[in-house]
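In what follows, chain A forms one complex with chain B and a second complex with chain C.
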Partner chain A sequence: MRAVENALGITIPENARIIRNIISGIQYVQDHVIHFYHLHALDWVDVTGALKADPAKTAALAQTISDWPNSSPVYFKAVQGKVKALVESGQLGIFANGYWGHPAYKLPPEANLMAVAHYLEALEWQKEVIKMQAFLGAKNPHPQTFLVGGMAMPIDPNSQNAINAGSLALMLDLAKKAQDFVEKVYIPDLLAVASFYKDWASIGGGVPNYLSYGEFQQDTKSNTTNCWLPAGFIRNRDLSKVEPVDHKKVTEDVAYAWYKYSDDDKKGKHPWDGESTPNYTGPKPPYEFLDTSNKYSWVKAIRYDGLSTEVGPLSRMLVAYASGHKRVKEVVDMVLGKLGVGPAALFSTLGRTAARGIETLVTAEMLPVWINELAANMKKGDLKIHSGDKWDPSTWPAEAKGYGFHEAPRGALCHWVVIKDKKVANYQCVVPGGWNSAPRDAKGQRGPFEESLIGTPIADPKKPIEILRTIHSFDPCMACAIHIVDKEGNELIKVRAK
Partner chain B sequence: MAKIAIDPVTRIEGHLRLEVEIDGGKVKDAWASGTMWRGMELIVKNRDPREVWAILSRI
Partner chain C sequence: MKEESLFESLLRRGVSRRDFMKFCTSMAATLALPTAFSAQIAEALEKKQKPYVVWLELSDCAGDSEAILRASRPTIGQLVLDVISLEYHETIMAPSGHSAEKSLQDVVKNHKGKYIAIVEGAIPLKDGGIYCTVGGRTALEIAKEVCGNAMATLAVGSCASFGGVAAAKPNPTQCVGVKEALPSATVVNLPGCPVNPENVTATVVHFLTFGALPALDKNHRPLFAYGKRIHDNCERRPHFDAGQFVKKWGDEGHRLGWCLYEVGCKGPQAYMNCPTIRYNEGTSWPVMAGHPCFACAMPQSWDALGPIYSRLPNVPGASYQATADKVGVAVVGAAAAGVAAHAIIRASTSKGKQEDK
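Take a look at the complex of A and B:
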């Protein structure tokens, strides 16, 4: 959408800008909390360990780290009872298929019980707070109200059939609820769990380059650099310098990806000239291993200035930190201080997971600010939500090119479009999961996932929980804990001693 | 040295497969493979640019 707006020279109205920020904001907060508790926590939290906890001691622990009201011995005893019933039934349900009892689990039983309790609370919480997106986007996921030129929704404080004063008040309530949970549950839990896993502050760093396109636009200029979370590129972990982002430095080669370029698979192409012609050369399934000396992935080797580059909350927080973003700096320094580690600890699996929490906190704090910004604009009588002057294709040039920067919760996302004769002539999406899971490039440089695993200690190759910790820390959108089974529950992991 | 494959690891844009070589209790080398074709770029070719966001916001 931003790519098409950019190509056609469309400027969106102020209200559309603010609403897009609020939708992105609540997505960050909900996605990150779900990721921490439901996709990542069980790499660190042993659910079965929670059974050994003393509920009174768990309550004491919870009360020392937060004033969240659900922290009595009775409450934790009830949660423990739920887990016990699950384990005894032999049907672990949402907790099935974990590496329970693995020696890499380090939390005391009480911390395990506290985290499991909050896992369950977070499930309830997330379905409430995302109603904010239901107001503004009609549904979640995949909001329906976007429109080239703005948003497809009425706003009017005095209408029953529009975003009105009542819906703004309800959204402020949800924002408060979102912020409370992040401040009083997520962040204290993150710090408590991280304090037992400080060795992971030197594991899983991976590639040393970090990219953010910038998000939460503060003006309506297309691909503006005036963003609340700044754009920038950090090269070789040098936090003393943030380079401006140039979309022309993004390239993709397919030396190791199952595509065929019309000229040379090894040549990095800018997405405006991108090609996506499939060319599967891998083995016929079922197979044991891929031939990784040749093409081995459907993901292209996405590079920035020729370099393998990480995207996501860690990249955004590093760019913000290095750019002197006041609030990000305060919270990053607070987290580093509480864990007793220096900024170098950010370049790690633990750093990636901590950065996501930091981003959630600072974003949750902004939700009421942005909702009030929308309210103030509406109060002034500005109800414009869409710029339609270039909606009619007869107003378009014969040929146009555009790109649209976005920072999705999982990282830098940009679409590139070429429009010819009112139709899409070429389109390329370069998405966060692609950046991070990219394969080797023509020069043989590993992608971020690949590089982050090098040197990771593995206690038991049959239960590679350490690999999952690092890969999950990137938030590659994985189903909770069901990482290596197929839909019939058969284990798919293959282990072969060479 | 052991080589392991974890497949699928993830559901982002389909599935993620990892192949990992382990030597002396540490990861020596790793390969990440997206095992599902996306093809969204080809779907939107020749379409009206005003409607592509609705198709592509799925990824």
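Take a look at the complex of A and C:
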């Protein structure tokens, strides 16, 4: 959408810009909370450990870190009863075969019980707050109101079929629910859990380069760099300098990916010239192992200025922090202060997980601001949601090229389009999961997942929970194969994380 | 220990009889049954053990997994703790890797023929299936084993049902839906992009309640959810009949909720219960939010129904009401005659001009 808008030189209306910010904003908040509680927490929280907790002590713990109302001994006793009943039923379902009782679990029983209670609360919460996006986008997931040139959700204070005062009230109510939970449950839990795992502030750092395209546009120009969360590139962990982003510096090579380029697999291509011709050279399924000395991945080696680069909340927060973003700086410093660590701790597994929480908090604070911004624009009488001058392909030039930046919850996303004779001649999506799970490139540089695992201590190679902690800290959006290899190069075990 | 019934399990978890009956009543509503049926549903659920369920993700985007997290009747928390025993779901299960595969194998071995398989995503067949492998096995091999040993398979979302966007032309990995990949498997298709989670839970409860799969149409979709045309249940239908159409995004008609037919709505060719149950606990659905339906629940909607914003052919303004109805009649008649509805839709789309004469 932004790629085509960029190619055709379309400026979207102010209302569309604000609606897109609200849709992305609630997506960040809801998605990050799901990630923390439902896709990552069980790497740190032992569900069975909750059975040993004293509900009264759990209540005392919860009340010291937050004034969230669900914190009585009776409440935690009921949650503990649920866990007990599940274990006793013999039907453990999604909790069966976890690494329960693993020595790498460090939380006291009361913290485990508190986290399990919030795991369940977050499940209920997430389906409520995301109704903000479902309202503006028709449904979630897969909102359907995005148009090239604007949005399809009409605005009219005097219609019952459009965004009106009632809609604004609905959204403000959901924004309040979102913000309350993040402030009173997620952030206190994150700090409480992190305080038991500070050793993870020096593990899992990975590659030293961080990219953000910038998001939450503050003006209506296509691919603007004027964003609430700024665009920028940080090289070699140097927070004293933020380089401006140039989309032309993005390349993909396929030296180790199952594709074939028409010229040279080892030479990186810019996505406008991108090719995706499959060339599978791996073993015939079923197989146990991949040969990583040759091509071994369906993901291309995406590079920025030739460098392996991490994307995601950590990159966005680092770029914002280093750019002097006032609120991000305040919250980052608060979190570092509470944990008693310095900024270098951000370059780690724990830093990645903390950055996601920091971003959630600052974004949740903006939701009511953006909703009120929409209200203020409606008050001026501006009902425009779409720029339709280029809707009809007959108005298009014979050839056009565009690119569209977006920061998805998981990181930098850009689509590149080449249009010829009113048709798409080439379209390349370079997605956050691709950046982070990229394989080696022609120069032998490892991708961010790969690099982050180097040096990770493993207590029990048969139960490599430490690997899951680091890989999950990226919020991977794909199943990925993880191979643990001993010094002789023999594979000990394979883990698939999702 | 003895496996307890669903109702016993709910009682033990502190769910009151009253709440349980409320749940059964809402299930009856989703299943389009008279409310008197809620007692029957309750009775059935009280007797059954929690059914074992495994959820596979193949060539997918996890959109249907996300969707099921938004379920409201029951919620995902109730579903995985109280209603079913979800033994395998890559995204939300605690274990990974070998431990996760063990969970899957345990179900296939220990509960053969007694578990429900849910499949999300298409199955790529090209080049021996190398385009989707999990743990070194192809999607097809995994589906053969898991669906072949299941009591029944629910294909959730348009990709598992019919190939979906993964199978759109040129379909580079030769993706197909589960039923096409495994013709002998018992498959219920629950298409939609994403699937509406209430249709998933309703299908599971239907099965538990009546001891049989729901009645299906020729595309293996339950009639309780896909038996009616979107166009016939659409809240904007009166504007269609009155000839009031949105012409441009944000014009007066758009702001007033007029019919989206002229900006490309495929509601006259789509069968699904979106207008009645909507998404996200009744919050909205595409037409309500001002965007055309693109018939995501119909087979091969990406290729067969034309560009999203192109008007269906041969419906020139208010005078075409009879024509649009005729399209619907043709589809219903085709289904009854045992011909795949999508083939007829294709035919009526391309030949519409002649038929209209």
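Quick notes
The rule we apply is simple: the second predicted complex is superposed on the first by the 475 of 498 C-alpha atoms of A that agree within 3 Å, B and C clash if a C-alpha of one lies under 4 Å from a C-alpha of the other, contacts with A are read in each partner's own complex, and residues count from 1 in each chain.
Methods note: a residue touches a chain if its C-beta (ideal position, glycine included) is under 8 Å from a C-beta of that chain, and two chains touch if they have at least 3 such contacts.
Model, not experiment: these values are computed from the prediction.
When the shared chain is aligned, no partner comes close enough to touch A:305: not chain B, not chain C. Using the contact criterion defined above for the overlaid structures, shared-chain residue A:288 touches chain B and also reaches chain C. By the document's definition of touching, of the two partners only chain C reaches A:135; chain B does not. Once the two complexes are laid over each other on the shared chain, residue contacts for A:278 go to chain B and to chain C alike. Applying the stated contact rule after C-alpha superposition, one finds that A:428 touches chain B and leaves chain C untouched. By the touch criterion stated above, A:382 is placed in contact with neither chain B nor chain C.
When the two structures are aligned on the shared chain, A:145 is found in touch with chain C, with no touch to chain B.
In the superposition on chain A, A:297 makes contact with chain B only, while chain C stays out of contact range. On chain A, the surface touched by chain B in one complex and the surface touched by chain C in the other have residues 142, 144, 278, 280, 288-289, 298, 391, 468, 477, 479, 493-498 in common. Residues 1, 3-4, 9, 12-14, 50, 52, 57, 62-63, 66-67, 69-72, 75-77, 80-81, 84-87, 89-103, 106, 127-131, 133-138, 141, 172, 193-194, 248-250, 254-257, 279-281, 283-286, 288-291, 294 of chain C are the ones touching chain A in the complex.
Chain A meets chain C in the complex at residues 34, 38-39, 42, 47, 78, 81-82, 85-86, 88-99, 120, 123-124, 126-127, 130-131, 134-142, 144-145, 147, 149-156, 159-162, 278, 280, 282-289, 298, 383-386, 388, 391, 463, 468, 477, 479, 482, 493-498. On chain A, the positions that touch chain B within their shared complex are 1, 4, 7-8, 142-144, 146, 148, 258, 274, 276, 278, 280, 288-290, 292, 296-299, 391, 393, 410, 415, 417, 419, 422-429, 431, 433-434, 437-440, 446-447, 449-451, 453-459, 461, 464, 467-468, 471, 476-479, 483-484, 492-498. The touching residues of chain B, when paired with chain A in their complex, are 1-14, 16-20, 22, 25-42, 44-50, 52-54, 56-59.
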